[in-house]
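What follows is a structure written as structure tokens; I'll ask about it next.
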Amino acid sequence: MGEPVKILYFSWIRERIGMGEETISLPDSVRTVTDLLTWMQKRNDQFAHALEVPDIIRVALDQEHTEHDDPIGTPREIALFPPMTGG
Amino acid sequence: MGEPVKILYFSWIRERIGMGEETISLPDSVRTVTDLLTWMQKRNDQFAHALEVPDIIRVALDQEHTEHDDPIGTPREIALFPPMTGG
Amino acid sequence: MSATPNIRVQPEDFNQTIEIEKLTKGRADIGAVTTFIGLCRSEGESLNALELEHYPGMAEAEVTKSAQEACERWPIDGLTVIHRYGVIKPGEQIVLVIATSRHRDAAFDGARYVMDFLKTNAPFWKKEHRIDGKTGEWVDAKESDVDAKARWAKS
Amino acid sequence: MSATPNIRVQPEDFNQTIEIEKLTKGRADIGAVTTFIGLCRSEGESLNALELEHYPGMAEAEVTKSAQEACERWPIDGLTVIHRYGVIKPGEQIVLVIATSRHRDAAFDGARYVMDFLKTNAPFWKKEHRIDGKTGEWVDAKESDVDAKARWAKS
């Protein structure tokens, strides 16, 4: 397990998971963004529902957009959110 | 000679000719916009100076832009002006 | 046509807030408002004022024509164009274009289309009055304005 | 870079006249001001309000990034972006972009570029509150917004 990292959830991902923020340690097996989403999905039914279409989930590492095959690295903050609808 | 027609001059064409408006009859030989400019140039030195580069002169017939090979027709109002610089 | 344009050619200044309100007040179906304001620039501090001459009647007609074309081409809900004439000082407003629409693409395209066509087709001419009192030059037309109009050619 | 953008993410409404004045007052070298305002639309009268959620910190950072890119790409003299969050009623303002430049092309391109990138890259999400009191839906992202961003790809 790595260092504890803050995870933020937004929009309907936050609603489905039932919380906006948590601090957890990720298993060493989580090396890429895709690994993170796959691992998250298995945590419980709420996560499974929130992340049921992983392709559309956006993941930011330290407030920077990523692609799903990017390495996770050692961020202080991870955010999961759906496609953006601002403007 | 045709019916008298109002001719308007704008911008530096007006200044070089020394008047903004006149009403004249055009000779029957003036059939196109190019004919008009050629005839105008020969009227006096002021017109020759104002129209010395006929390619850039814009001619409107009844407030509609024309090309130089357009027929003159029988407009009530003709305007001569340089390229526009509004906006 | 999606909207009837409001066109004014006048010596008076204008207030973009009031003009935007006229297009948006009391309706909640407009999602996008694009506004363009053209200002009188000083040219290296040498300009005292611009004098704008226009061809009354044809100026309104040409602006109206380009505004109507924009309304036919894009789903525009409201379009206002105000162009001033007379003596205008550096920093003062010359032209206002407002296009409103449900969506931003139509509002951006409509406003820019009107500006591009107005520049080359509407009979206005600018003469410079210089600070040193010299009779100024008439402003030259720009080739780039002709190019700008060409970008709207339909392929 | 031609200008340092002014970026604000706030719940409060904004006044475009005041924001334009901040960019133009006291200088006469600006010839073009393009303003975009995004408004909250009612959807067939069924919408009571939009609730805008944002990711504090990253929202500002992403808007700043697109604004800086615009300032690098075009000769922009001033660029202001204000994006609201919280509950916004139909007809109210959501987002403001102002780009000023000597010439209109840079002002138009800069404002539109920021809007196109803001739409797909800035972490904001809209939820509908319906008039009938039902918990609304989260607004779906639009494919057309991804397409809009693609038009700025350099060839």
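Going in written order, the chains are labelled A, B, C and D, and every chain counts its residues from 1.
Definition applied: a contact is a pair of C-beta atoms (placed from the backbone, for glycine too) under 8 Å apart; a residue touches a chain by one contact, two chains touch by 3 or more.
No experiment lies behind these values; they were computed from the predicted model shown.
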{"item": "Reaching subunit D from subunit A through chains that touch each other, fewest steps", "value": "1"}
{"item": "Chain centre separation in whole Å, for subunit C relative to subunit A (CA means)", "value": "48"}
{"item": "For subunit C paired with subunit D, centre-to-centre distance based on mean C-alpha positions, whole Å", "value": "23"}
{"item": "Whole-Å gap separating subunit B and subunit C, where each centre is the average of the chain's CA atoms", "value": "26"}
{"item": "Subunit A: positions in contact with at least two other chains", "value": "87"}
{"item": "For subunit D, residues contacting two or more additional chains", "value": "38, 104, 115"}
{"item": "Pairs of chains satisfying the touch condition", "value": "A-D, B-C, C-D"}
{"item": "Contact footprint of subunit A on subunit D as seen in their complex", "value": "38, 52-55, 57-59, 61-62, 83, 94-95, 115, 118-127, 138-142, 145"}
{"item": "Parts of subunit A lying in touch with subunit D, wherever the complex brings them together", "value": "8, 10-12, 60, 63, 65, 79, 81-87"}
{"item": "Residues of subunit D that touch subunit C when the two form their complex", "value": "15-17, 20, 24, 27-42, 90-91, 102, 104-105, 107-108, 111-112, 115, 144, 148"}
